[in-house]
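Next up, some structures in structure tokens.
Two complexes follow with subunit A in common, the first pairing it with subunit B and the second with subunit C.
Up next is the complex of A and B:
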């Protein structure tokens, strides 16, 4: 059996494949089941999840609110994602987002020898540096990254191109070519397929903040330090390079999406999804310093 | 400490790379989605950040920022 045949078999027998395919059915052409409720055909329009939280120079509170009202489903989607992430972790990114799903599915079909490893890049730093520029540019009147560089516009058009001339035309414009190149370069050709999501997605950046702030209160992928042997298999498997192993594995909640890849490969079953409980040190109450003293304060042990 | 330096370098490189890449787009009204200058900013940001961060030679000491090694 060739290696390629093996990849195909695993692809269709993975439960995660079917979860991601379901997200494609909900959001991407030709079905786009959720968009049909609002008579939309893509994320552009009332489902736009990126434009409403950007303030442009000269914009009044009224026009900002009007923009939010215009993309009301996008507002609901982002608020829902951020709120659910606070309690449950980044399920939007790992299980529902069709853009990330397409990147991840595409990367599984590419042989490992052709894939780029981005795990030397501190993802959170790049993500928030880019998000800062994303927010600053329109505020300074220098233009906008909303539509000129949008993963939510590119992926649905990729699926819609066979059915729509307008979608096909997007890929003959310079922005379409560059965006497609980024999707391939930072998506399909990266290990895990989440380079695009992990470095540049503004929605993912907001979601990650919620994941970090809610880490104490909500369910997250966590490592049982007592069981972890520090073998590093989880780090190698993580699609968003959120795991660092220094004697024991540690998970960066700013980057972690609860895809469960790490838990599957852990030989010690040290990784699980759940609420935060006390560490072994915290479970043992602080022991007061022992001293045997007499009534006059004299140390009787001496 | 080295981990923090890398993170700060990467953050500044991504921020300044994207801002610097936008200079050719001065005067752009935004939203047209057909300009290489704008669309290329992501590439500039990522490449400059990767370059600025450099290659990690070992695991970040202490597990890095926001690590959660607590038990479940």
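Up next is the complex of A and C:
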């Protein structure tokens, strides 16, 4: 049940493409406006959002904290994203993240006939399998997925490569080519363009956990089951294959990003954004135990 | 459905394990400290011999009180063709000071600066038998679709008698060093060991003086 609101009229849903484009200007070359104020000119170094929460074998608490201090902008970014997601939903992923934005906007340029559908892949299983390995392997000293396979390194360098030899050098390596392949294969060439985000982004995986835990308390994209006809058009439109339709549509908050594309195609206007309202059963207050008391508080039934 | 989810979870863990433990031989990342008294890298950067192009990403932080300009040199024999690039804003709006790289010298290093250098290296081909780097006078032989260079007929003959032994010995081996020297004092402020490792050892005697 949802507190129904017209998604299509809300600024953040109506203007999502423009917000994503603004985010590209803020975070990506050639301008990288936000990075102009700090020493690091990309998501590496102080802006790294991926490494600070990974503990490596042999690392002391002090070293871990030092790493967090070094990546202070990345820490702020991730904590801000996770906290806002708890209350408002995954707007970082759907509206702000330039990496996901590029992958989604890029996929719009590819004809539908060339795109892969990943709907049959259980996204949460792959995502948390990847996250488990991402956290455990460095802790066990068996390797690392942090820098070698980093979407936050690949996308900015893809934009910087035409202008900068240093960014171009990123792609002279096998690892650079593999990263580019992942971005193209799981991003540009997938339906909706969010395959990489949905399967292999550790920041997105943490953000999705916050979305799931905060589902009862925060605002989310929700389906009004009374209005839903179960036509399935929302499922076909969802870029992160978060909607399942049995008789009615249901949204998996562990995968949903509030892009609002499902609401735009819903012929019944059954999808809205808002707080979870209580079901009829939950709305009935617990009945207090029966008691008859007089004015002086004396139990008359006794 | 539950079985499918568990299967995909395990597949994701296995694929991630493979990806995380696989080491690309053509690139390495070093982390070091630039110090007036001579800084070092956290560990040697290991590269696999036999590749055509290599990329070393050398990141370093400047430890106070060092400030100055540092010349960057790739040291070792045989000489490797290389280009050095410094990461920086594509469009610099001048809102913040950034060290600049000109002619392999990093200008304007100050305490607490962090730099990221991209060193793209193209080592020469070597004689697979004696390990001598390619120069004028060498001659080429193609074997099973792969090109080899030899300094003399004796090396070519040794190769043709036992190609299995030498087939993978076409790249440089051994230790190099990416060294940073302060331009005023000429003292090293950072040394990054770079090691080219091969599966087999080259360096059999061919009788020629190289």
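As a working rule, the second predicted complex is superposed on the first by the 263 of 302 C-alpha atoms of A that agree within 3 Å, B and C clash if a C-alpha of one lies under 4 Å from a C-alpha of the other, contacts with A are read in each partner's own complex, and residues count from 1 in each chain.
FYI, a contact is a pair of C-beta atoms (placed from the backbone, for glycine too) under 8 Å apart; a residue touches a chain by one contact, two chains touch by 3 or more.
Quantities reported herein were computed from a predicted structural model and do not represent experimental measurements.
Novice: Now for A:41: first (subunit B), second (subunit C), both, or neither, which partner does it touch?
Specialist: Only subunit C is touched by A:41; subunit B is not.
Novice: Touch check for A:169: first (subunit B), second (subunit C), both, or neither?
Specialist: A:169 contacts subunit C only, not subunit B.
Novice: For A:276, decide between first (touching subunit B), second (touching subunit C), both and neither.
Specialist: In the superposed model, A:276 contacts subunit B only, not subunit C.
Novice: Considering only touches as defined above, state whether A:125 meets subunit B (first), subunit C (second), both or neither.
Specialist: Touch partners of A:125: subunit B and subunit C.
Novice: Just to be sure I read the superposition right, which of the two partners does A:97 touch: subunit B = first, subunit C = second, or both, or neither?
Specialist: A:97 contacts neither subunit B nor subunit C.
Novice: Going by the contact rule set out at the top, does A:262 touch subunit B (first), subunit C (second), both, or neither?
Specialist: neither
Novice: Who contacts more of subunit A, subunit B or subunit C?
Specialist: Here the partner covering more residues of subunit A is B.
Novice: Identify the partner contact of A:142: answer first if only subunit B is touched, second if only subunit C is, both if each is, neither if none is.
Specialist: In the superposition, A:142 touches subunit B and subunit C alike.
Novice: For subunit A, what residues appear in both contact lists, the one with subunit B and the one with subunit C?
Specialist: 121-122, 124-130, 132-134, 137, 142-145, 147-149, 173-175, 199
Novice: In the complex of these two chains, what residues of subunit A are touching subunit C?
Specialist: 29-33, 35-42, 44-46, 121-122, 124-130, 132-134, 137, 142-145, 147-149, 160, 163-167, 169-170, 172-176, 199
Novice: Quick one: which bits of subunit A touch subunit B in the complex? Just the residue numbers, please.
Specialist: Residue positions touching the partner: 56, 118-122, 124-130, 132-134, 136-138, 142-150, 153, 173-175, 178-179, 181-182, 186, 199-200, 212, 215, 220, 222-226, 228, 244-246, 248-254, 272-280.
Novice: Where on subunit C is subunit A touching in the complex?
Specialist: 1, 4-6, 8-13, 16-17, 19-22, 24-27, 29, 53, 55, 59, 83, 85-93, 95-96, 98, 113-114, 116, 118, 120
Novice: Along subunit B, where are the residues that touch subunit A in the complex?
Specialist: By the definition above, subunit B touches subunit A via 3, 6-15, 17-19, 22-23, 25-26, 28-36, 38-43, 45-46, 49-50, 53-56, 59-72.
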